[in-house]
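Structure incoming, see below.
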Amino acid sequence: MIPIDDSPLTRDGKVLILAYDHGLEHGPVDFEDVPESADPAHVFDVATHDAVTSLAVQKGVAEAYYPSYEDDVDLLAKLNGTSNLWRGEPNSAVNWTVDYAHEIGADSIGFTVYGGSNHEIEMVEEFREAQERAHQEYDMPVVMWSYPRGQGLRNAKTPESIAYSARLGLELGADVAKVKYPGSQDAMEETVRMAGKTKVVMSGGSKRSDEEFLSNVKSVIDAGGAGLAVGRNVFQRENPERILDALEKVIFEESSVEEALAAAEGAAPEAE
Amino acid sequence: MIPIDDSPLTRDGKVLILAYDHGLEHGPVDFEDVPESADPAHVFDVATHDAVTSLAVQKGVAEAYYPSYEDDVDLLAKLNGTSNLWRGEPNSAVNWTVDYAHEIGADSIGFTVYGGSNHEIEMVEEFREAQERAHQEYDMPVVMWSYPRGQGLRNAKTPESIAYSARLGLELGADVAKVKYPGSQDAMEETVRMAGKTKVVMSGGSKRSDEEFLSNVKSVIDAGGAGLAVGRNVFQRENPERILDALEKVIFEESSVEEALAAAEGAAPEAE
Amino acid sequence: MIPIDDSPLTRDGKVLILAYDHGLEHGPVDFEDVPESADPAHVFDVATHDAVTSLAVQKGVAEAYYPSYEDDVDLLAKLNGTSNLWRGEPNSAVNWTVDYAHEIGADSIGFTVYGGSNHEIEMVEEFREAQERAHQEYDMPVVMWSYPRGQGLRNAKTPESIAYSARLGLELGADVAKVKYPGSQDAMEETVRMAGKTKVVMSGGSKRSDEEFLSNVKSVIDAGGAGLAVGRNVFQRENPERILDALEKVIFEESSVEEALAAAEGAAPEAE
Amino acid sequence: MIPIDDSPLTRDGKVLILAYDHGLEHGPVDFEDVPESADPAHVFDVATHDAVTSLAVQKGVAEAYYPSYEDDVDLLAKLNGTSNLWRGEPNSAVNWTVDYAHEIGADSIGFTVYGGSNHEIEMVEEFREAQERAHQEYDMPVVMWSYPRGQGLRNAKTPESIAYSARLGLELGADVAKVKYPGSQDAMEETVRMAGKTKVVMSGGSKRSDEEFLSNVKSVIDAGGAGLAVGRNVFQRENPERILDALEKVIFEESSVEEALAAAEGAAPEAE
Amino acid sequence: MIPIDDSPLTRDGKVLILAYDHGLEHGPVDFEDVPESADPAHVFDVATHDAVTSLAVQKGVAEAYYPSYEDDVDLLAKLNGTSNLWRGEPNSAVNWTVDYAHEIGADSIGFTVYGGSNHEIEMVEEFREAQERAHQEYDMPVVMWSYPRGQGLRNAKTPESIAYSARLGLELGADVAKVKYPGSQDAMEETVRMAGKTKVVMSGGSKRSDEEFLSNVKSVIDAGGAGLAVGRNVFQRENPERILDALEKVIFEESSVEEALAAAEGAAPEAE
């Protein structure tokens, strides 16, 4: 962990990462409902929204599209990831070195660790290499996508294992740990407590209704969490700006879900 | 992805790669119908045709024959590949480093990735190393042979998996993705759309009739694809010049298949 | 082995390491009984006690909390470790390089070796790399967590295998070997004898009553051992200062268990 | 491939490698019939014969014996090889680096590749490393021992697979490919044709009668092959000079088998 | 192989290595009969005997005890080795780098190779790395512990496989090969013959009577062997000086077993 409150990854200590590596992780199927979401330029445009602190993409997308947005978007280099064409024990290829991410202009890095996988040790050692390079050489913040997952794992989605995954972020040196929502605000508080000085953000997950989604986010903030890393719940919406308006209220302005929704309606009534 | 429209790999933004690594991948059997095709010098001669933007070969062939053709042929160094004497889960040996490819005079590099293979992670990491070296050190374009293939893969030849393979090219940083023909122009459009700024070329595949082959190529161009990477459909023909004349019409001059065939007949009637 | 009697790892040739990597190795469950023990700052405070010669933590905890304690706590960088989300043959990821540990300010390093595991060879070679770097480059003492454990092992907890594990510390170049208590003072003497010039410390293990725990420690000292590496038997107590007062008596002042307990009661009667 | 016609590996474009790595590959059993053949000094003496263009040995033999012969013998450093004490899927340890081979005085290097083995990819990548180092740094010719062999291989000894193995030499960058005799001069012609500019030499194999052996060699030369790499058919003979006299006739002087045998008899009648 | 007759590893071309890595390889059990043998200082004292040309120990023992003996003992750094807590296919961890061994003051290095193990290739490649570093950088002699052993091996203890193991020493570049006694002087002669210029020493093995043991050693010398590498047959004796006196006679003074025993009795009658 390094001090990150002055880094572009945060705004007033809070975090809203727009994650867009679904083309690698899930493939075209994630772009079906909103076809324009397949176009990285569209998502880079969305990421210029004030609510977004960083956009997380894989190397190829960054190389091709980031040069046009470097003044308007903070780049989070997602270093590893794997297609779901492959269906083995959870693992992730390292697709991008820290050095090259820095050269492309990344402000921070992201790395997936599947605690409990038979590849946990390998992934954690790859994480070490990236984390040390990022901290030692470039003072770049490190976000761990920390998901318990694997053959030998019992109860990957319990509050206990999610709290454990946040603790892994702290122990292994992540500045931010991205974890699943553990089911309740109380459980999220415990998760945040286990992470110590490491900030905790909720993984957006699959698309839900505005209200359900914002309520989850609100309970993360109320539990002391730092915010959100979200993909589908933004880009699979017809009007991503509207949900970002609402998220901005909830995450950065301490609004209630109702206030946030009302403000978003008022701000962009014409959009749908 | 790096800008490649001014690189020798393209001509007016279009691509026609003559691929000649069959001696490694398939062995002598691919040269049976046209025995002279076993001779690299013969194929280098063919590659001097204006329609050909690059010739893709393995290291040994480049070392031995390219010095005589360096003014007339653009060299695409195919870095990995494997014999079919070995019959395991799809994988490919890295036979050539980027540094040595550059020293031999290569203008661009090619790399196979079998998405869905149990070796996907290893291959993707080898790709990363080659891609970053090529882009960072030498500004060399990178072509990904992107073929879903492997034990755990369902539906490797569906339009969906082919579109996914093109997306892998974009996400992982290929400048050009070489994919199988997905069966229709509509499916090719979707594949091209998923690849974003990464150019898509069709893999020539096994030998077909002139008309059938050119129709496939035409539908790639009409779908917004960049062109073709072709081996057997050129060198397994008695008169490779004739099909290259036709391909030049279809790919670079927006001709119909009929026009292209007619022009090729006119240009080289004596050849068969 | 290098001379360590003048290093901060020892005091009068004795050792009391406070180990706090349970958040990685066991997860939040180890913090349940004393919730504040989940907070590294709490344990760093405890480690300022005079009895503690070093505090052993993982990299992330050191990065985040050690800067506030560098004048008051000697840092032992625990380089490897693994979550128990993963349940395979005993192994441990290397989470921290020696170079970075030195940069963070570590005074010594710690490394787990599971003798008898199917990963023994891999772990021992990773230990070699860390040990040589620590000794050659930085003159940092090396503590081996030496635990026989694994599928092919018979009798991992016998006095014989514990004596063997201490000998591994000597043979492989540890300055201190942390081993399980072998069940009796006689067995501990044999263990200490096998370790030669390598100091032997007892692993604290799971929480026991004050008297039982101190008696074990006393028999280690009487057997010629150098002391203790303890976690749960300190931080899982409501009043860690009190047990540290008693340990200081037993380890550094040659007190009996009764004297130590009495002195600790006197010193801190108000604490409970 | 690099130009090798001016290198000591060839004489008038032809090649006769005396191979002497049987002590590693087969063990003492290969020296039983002619006990003095166990002594490397004896074989180095044999290798001073004008017919021999290079002597191929492992590192240890070169270190110990080559210094006495460096003016009279051209050294081919056989870089990999394995004992037959081990009986797994075909593979070969890399026993010698190119840098050290060059330092010892080697003029060229040799490397075994078992196409079709489950270790093919690993071997080919080790070959790459050696080949590029030899060509880039030292301009040393590279000889590939190219033998299809392995669990998943069908028909390792067919003319087709032998022609394929010669092609592997060309594709992967060998200057000379050492292959098994494919059974006929026609098949050898096809093998030579597949190798393009890469020279093809026949592997001597197990001991045969003078006439049978020389007839094989003659048909290699007549098929356009470059010559022979031979071990047992020389050193397992009581009079190795005599067969070398004959081989010199067949390989370098275009003699018939009968002429060669007659000349050898005349030249060395006293030898048996 | 490098010239070693002027190195401290030999005396008049003969070798007597005192091997003391049993604490790693076998554990405390080997020290049971003579408890003081567990103390490295005791064995270092023994190694000051004139008969001992080198003492072979693991890194940790060298670091801790060699500094007090560097004027009186020649250090042979045993680089690899493994505990017998682990019971898998024969393999050995590399516990010490050549560079660090040289820094500690080692005069030569030792390395185990299990020919025939499924790990043979890995071990041989690790041997290569150590051997080349030792010879190229430091002119240090290399001793191979050459033991055929493994799942796929037939007849690991036959004279044939022992002769083969000596040959491996020569082929792979060992200056001295340490092999099992092949059962007779004739078989030892054949073993020595197969090793060429590589010196052969007998592995002492488990403890035997003075006469039986010395007779084996005598037959090694008479067979042309260079001597002995011995551990238990020295340090498991109450009076190690006495057997060393006798060994000195047999190895360096060409005495008969009877003369050697008589002289040793005379020299040290008071010792038992």
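Chains: A, B, C, D and E, in written order; residue numbering restarts at 1 for each.
By our rule, a contact is a pair of C-beta atoms (placed from the backbone, for glycine too) under 8 Å apart; a residue touches a chain by one contact, two chains touch by 3 or more.
Labels paired with UniProt names: A, B, C, D, E = fructose-bisphosphate aldolase.
The model shown is predicted, which means the values in this text are computed figures rather than measured ones.
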Where subunit A and subunit D overlap in contact partners, by chain label: B
Euclidean distance of C-alpha centroids - subunit A vs subunit B, Å: 36
Euclidean distance of C-alpha centroids - subunit A vs subunit E, Å: 59
Residue list for subunit B, restricted to those that touch at least two other chains: none
Round-the-ring chain order [start: subunit B; next: subunit D]: B, D, E, C, A
Of all residues in subunit A, those that touch subunit B in their complex: 21, 23-24, 27-29, 31, 38-41, 58-61, 63-65, 81-83, 85-88, 91-97, 100, 103
List of subunit C residues in touch with subunit E within their complex: 1-2, 115-118, 120-121, 124-125, 128, 132, 135-136, 148, 150, 152-153, 160-161, 163-164, 167-174, 190, 193-194, 196-198
